[in-house]
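Next up, some structures in structure tokens.
Both complexes below contain chain A, partnered by chain B and then by chain C.
This part shows the complex of A and B:
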């Protein structure tokens, strides 16, 4: 998790300034998210794939992420065609599948994938520390940037503490079952995870403060906004504008 | 007039919240020797003593003096923390960046060095500790001994004048332990070392203090007593310090 696998690389998108990427991603994602048009969603999906290939990241990596996301859209496919109403597309036994339901499920799936892929391509290609720093220089409230950076940092800590406790339980032959003992054990595990993570987080924060940390994370690789970034941003914003205009065709 | 000690504690008392018994009571201490060892039983307040020195805990009463001046505001505390480095008991609490180089450069960056300068300092520090080639290693995948040395590097990169080491030899294998001893002996810095490892203290400190009943006091240098013991190399001449 801390490896920031997507951020490793030297492609056209990796070397762009995160400020430009954040603005481009915000515009692009918003335009893709609010559309009702199939054409727009399809075009933004295609664009996101192009962006992804610009990153030169291995395809398997992103497929794994998409699998996770589409496990959610899968449930939409299960429910929407049955419940949405409208004109009947076809009937399977006593069940009638609605045309509008299928259309909506497809639209949501297309949009979701376009958004996830474009975020991986645009934001995933920068380290979180650099993103946080860029958000700060875009004048986002400092506390928000701080929360972003530390949620990211401590999710990992909490996960580690939890794994450690689960391992300790397993080593003493704990096998989850449907019993009060299991529920109580998981209650203890979660409670203890919170307490231990809190203590650990306090110590990590102390270590940071002692080394002069005052709320600003300064990334080692400083980004410099260049004319290439301006070109990139203009191209991205023009494409986004086209997406928006497509809605009115 | 003699130069004031880098750190002095005057009549420090501290009690943890929800605990009526203070853990430190009217504690007085000033740094006179370069290499100080601190001993004491578990839970006697040794770590609390360190946390008071670097201002992580604010004493209930008493004064913390840095170069003879009362540490009263954040700016002074920042100066103090720049000069006094604290190596935690657990290196895991100290390393938080993905890669070693980022973690070591974290301090210098906070001190206002440019990225290039911070990176240079970090690389030099790693080299001094014999950790060249570790730059791109992932911190949480290092071995226990490597983590300890990298944690030390993160502190030395801030170019402190004084080091506080909290049980530095815990869980170290003999080779890393020896390496740590060599490193500490080679550093021209004030060092206060908390340890239960007598042999380590014998090699790294010139004076021994004990924390007991909320106070800290110098140990008598030669306290002669008779005891029985057993060890493998018993027929070779050796020193005994307890």
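This part shows the complex of A and C:
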């Protein structure tokens, strides 16, 4: 579930420096998110697909993700055409579908998918550990990057600890249902997970202090910013600028 | 409880981003070097909470536990929620980058409000703490869905009915979160009271 499948590979995008990718992704996503024009949304969708093919990742993987992400847009498709008002597009029985509602739902769907695909292509292709260190070198607060790196490090451990508690409950014939007993069990299970993670935090902190930890994390893999990254970043930024200018056409 | 990328208008995105920046700055300022490890691990624990699906009738809902986060972390829940949402963006592509500020505000602001409303109640044993814990879970989801609805309807008047639907759809979750927060807090009070900063 959380295995960073997109980060495996050695394509053009996988090998770029995470700093360049973070800046490129932020600019591109901002430009696509705030637009109101169909042309811009369509162009950014096309660009994101080009980016995705540059990663050489299997298509089925991303389709599965898109399915999950589109649950919110699906909700918009259910509500907006019926409730938006404005001029009528067509009437199905007693329901009238509004033209503007359909337009807005379509625009949002296009934008959301473009952004999700571009985030997979740009950020998903780096490991979170590398992104954390890149954010730190981009001068984000050190403590924030620390929380990012460490919570990422321990998410898997804590998830497994929680799974172990659930397994223990299942061995004792716990079957979840809509009942107060289920909610009490989940409440206690989560409470135990909290207690375990809190105690683990104390131990990890003590162990790190013993080894001379001074609030500074040293990355294991040194990402080097090369001239290729500069070229990549300038191409991405000029494409983003083009997207912004398209708004005014 | 996410708004997808590409839905909100620029002004709402900027407002959300500004509140998140301010909240995160306060949260980080209150964090000293000894506490940062605890906050990191609680962040991952709450990330795990969002993977817990509890049954509700024929379907299931996943936990949010924003109220509990507010009680345990205070202002530090801003950086914690920001990081948790960022991880969700990278892992599952829920939410997004530009909308991160708005989504963080939607979850963290109610958590901080719950922290200030109920923190004195948590120090007392018995029924008062139970009531406070339930209200915390309930209120944080209610306020979050309210903020989400406001963000949507300020973006576009056409979202008005959709956002009313969002609040209504979150009603069952409010009760479940209230009940589970209540049980978790009573468990913590027994097992590790220093967690809640309660004196014995």
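Just so we're on the same page, the second predicted complex is superposed on the first by the 225 of 249 C-alpha atoms of A that agree within 3 Å, B and C clash if a C-alpha of one lies under 4 Å from a C-alpha of the other, contacts with A are read in each partner's own complex, and residues count from 1 in each chain.
Simple rule for what comes next: contacts are C-beta pairs under 8 Å (C-beta built on N, C-alpha and C of every residue); 3 or more make two chains touch, one makes a residue touch a chain.
Source: prediction; values computed, not measured.
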item: Partner chain(s) touched by A:200 [first = chain B, second = chain C, both, neither]; value: both
item: Residue contacts on chain A - larger count, chain B or chain C; value: C
item: Partner chain in contact with A:210 - chain B first, chain C second, else both or neither; value: first
item: Partner chain in contact with A:221 - chain B first, chain C second, else both or neither; value: first
item: Which of chain B and chain C A:178 touches, first, second, both or neither; value: second
item: Residues of chain A at both interfaces, chain B in one complex, chain C in the other; value: 2, 4, 153, 200, 204, 208
item: Contacting residues of chain A [partner chain B, same complex]; value: 2-4, 127, 129, 153, 200, 203-204, 206-214, 218-222
item: Chain C contact footprint on chain A (complex, rising order); value: 1-2, 4, 25-26, 29-30, 32-34, 41, 65, 68-69, 72-73, 75-76, 79-80, 83-86, 100-101, 104, 107-108, 110-112, 114-116, 119-120, 123-124, 128, 131, 141, 143-144, 146-155, 157-159, 162, 176-178, 180, 182-184, 186-188, 190-195, 197-198, 200-202, 204-205, 208, 215
item: Residue numbers on chain C that touch chain A, as the complex places them; value: 2-10, 13, 24, 28, 31, 33-34, 36-45, 47-49, 51-52, 54-57, 63, 65, 72, 79-80, 82-84, 86-87, 89-94, 96-99, 156, 158-162, 165, 176, 179-185, 187-188, 191-192, 195
item: Residue numbers on chain B that touch chain A, as the complex places them; value: 54, 56, 78, 81-82, 85-86, 88, 90, 93-94, 96, 98, 101-102, 105-107, 109-111, 114-115, 118-119, 138, 140, 154-155, 158
